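Shared chain: chain A. Partners: chain B in the first complex, chain C in the second.
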Partner chain A sequence: MEGLNEEGQWIVLMGLLVAVAMFFLALIVNQSALVGQTTAEGVLEFPKNDIRDLRTEIFDCVDEFGDTVDADVKKDIVVISLERKNAVVDFSVDPEVEISGGRWLHPVKIHYNNGVTVYDETVYY
Partner chain B sequence: MVNDTGQLYTMEGVAAGLIMLLTAYIVISTTSVYTPGDTHITDMQLEQLGSDVLAMMDTPDTETGVSDLEVFVDHNNATGFEATFLDYCNATTGGAVDSLHMSATIYYQDGDEVKEYLFVPADDSWTGRESAVRATRWVQLDERSRGPPLDDRARAVLVEVLIWRD
Partner chain C sequence: MRVTMDNDRAVSESIGFILILGLVVGSIGLVTLYGYPVLLKEQSTTDVRNMERAMIVVQNDLKSLCYKNVPYKETSLQVSGGTLEVINASSAAAEKFRVSNATGVVAEVKLGRLEYRSDRENYVITLENGAVMKRQADQTGSVMLAEPRWFYDPPTRTFVVYLITFNTTEYMSKTGVGAVKMSLPQKVTLVDDDPGTVTVEYTGGDYSTAWRNYLTSPSVGMAETDPNTYENTTPVDRLVVKVYDVWVHDI
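Right after this comes the complex of A and B.
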């Protein structure tokens, strides 16, 4: 290697740096698919819309029946939730109580459990 | 004395090391290839869209009013349901409309069994291999004479919509 010419060293070095930079950029692009997947699966797994919809339905029941919710309608909600949504659902509506001076509202207890997400709420409606 | 005669050899060694590391990484990481279809991102967006459309249809115009969704289910108006649903979910802010398709099934309780009936059948674009997603909505029906399969009593039924993109 007596005749080794070192004049091109910087070009080689710069080429290497560019290659390493491109490698890391490719790595980021590669990881973005995984990040998107975990995000999407997190959103799909969390039953946000199911719980919202269940609450709306229970409030519709309270609108219609007050604190004496029809036993058949309650059974509809419990049985169909278990069969189609894989969720154990229970709710109860108590007689109106006075809230913060003159407002009479029903305490509604809602229980939801689909094995991954558990949701319990007492709401005055 | 320090001199720089060995510099190029050092560079070569570093480069060779990086290339070997890169090769090892690529070999290991290519055992699984992720495509956008595997990552459920489009499924998540479609499911959210479907849930939102059903929520819109279940919102009455006035506080004491009855929602479109409840009227469609109560009066077994499948064509109205399909038209409204597709109108809402294919709407775009500009350009061509989206190409989403749907079918709908209603689940209800009969005795101690949960039964179903096909509310809106799938159109011709359905092959069975679509990546369809499911959106559901509860509908509260008042006591009314409406005939089979939903008899007269007040009941809660579950509307399940399958949505897919053509």
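Right after this comes the complex of A and C.
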């Protein structure tokens, strides 16, 4: 055994290290697919545009009727939301109140629930 | 006095060879006997797990069809280690939901389902009424992997029930790579503005445990009054039942 050169042993050791590293990387990659899916679902499922559309409709309503929103118009908004967006919505418009700065605005309460996202807002319009 | 041990008299090359060969053959034998079955089991467990994910993907397609006004959806998926089949809503094996108000039956719907049966493992994974569920074949227990979207809205006291049926024109099953093609030709919305007590009844039995756990969970908030019969514990001013008839064209 005298003439044997052992200086190349680190190559074998590095091979072992790389193998161990690959094992853990594989574990992480396996998990990341799941995390990516749930995150993507979370973003996709949030009904941002549905809520925006609903707010726009309600504000148009307030522009038109003030705090005495026509019952049929309100019913239409509720029914159409349920039929097309599968969302239970409700809103109410109260008489104008004075807010800071001497502006008189309607407190508008908006409620939206589609089974995954529940959204409640009181906005002064 | 120094004793030299350089004596080769008991060293035999053939005995050494036999020892090494014996070790190698023995190791191969052990791996074949114990290692291979473990590998196979691991493979079928992976197949089942992949199918769980595939079913959740199909469930997402179903969500797009039903809740997002998409008329047609197609997903390719690989069915390995088992068989995927469609059970038609009109078949005798289909399970049933009956929704009633205080005066009578509002909707009675046979569901149909998409079902995967594993070959080696005893698992059955099912997509039924928008829920992905798993059970062991011929056992009473079952578990829900992904929930459907029934909900109760407390401020408006509205209870929303979704019923999704699977319909086919012919018997279909698949092993290997296939594409699940689904369309939604029609949906029906039933609104009841004074339902009184809402009762939901599930008949069929295979997934009664999963549905019990779901319907009595806080998100839906019902209580079991009779076996597989559930009533709302909170007052309902408005009952909304949406029935979706999904057609499966191919898997």
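One rule holds in what follows: the second predicted complex is superposed on the first by the 103 of 125 C-alpha atoms of A that agree within 3 Å, B and C clash if a C-alpha of one lies under 4 Å from a C-alpha of the other, contacts with A are read in each partner's own complex, and residues count from 1 in each chain.
Just so it is clear, a residue touches a chain if its C-beta (ideal position, glycine included) is under 8 Å from a C-beta of that chain, and two chains touch if they have at least 3 such contacts.
Keep in mind it's a predicted model, so treat the numbers as computed, not measured.
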Comparing chain B and chain C in the superposed model, the one touching more of chain A is B
In the superposed arrangement, does A:Asp67 touch chain B (first), chain C (second), both or neither?
neither
Using the touch definition from the top, say if A:Glu83 reaches chain B (first), chain C (second), both or neither.
both
Regarding the shared-chain residue A:Val116, is it in contact with chain B (first), chain C (second), both, or neither?
second
Between chain B and chain C, whom does A:Asp94 touch in the aligned arrangement: first, second, both, or neither?
neither
Touching A:Glu57 in the superposition: chain B (first), chain C (second), both, neither?
first
Under the contact rule defined above, give the chain A residues that sit at the interface with chain B and also at the interface with chain C.
41, 83-84
Sites on chain A touched by chain B in the complex
4, 6, 9, 12-13, 16, 20, 23, 30, 33-34, 36-37, 39-41, 43-44, 49-50, 52-54, 56-57, 60-61, 64, 70, 72-73, 75-77, 79-80, 83-85
Across the complex, what residues on chain C touch chain A?
60, 66-67, 69, 149-151, 153, 155-156, 158, 160, 189, 191, 240, 242
So in the complex, the part of chain A that touches chain C is made up of which residues?
41, 82-84, 86, 88, 90, 111, 113-116, 118, 120
Residue ranges of chain B in contact with chain A within the complex
4, 7-8, 11, 14-15, 18, 22, 29, 34-36, 38-41, 43-44, 47-48, 51, 55, 58, 107-109, 112, 114, 135-138, 140, 142, 153-158, 160
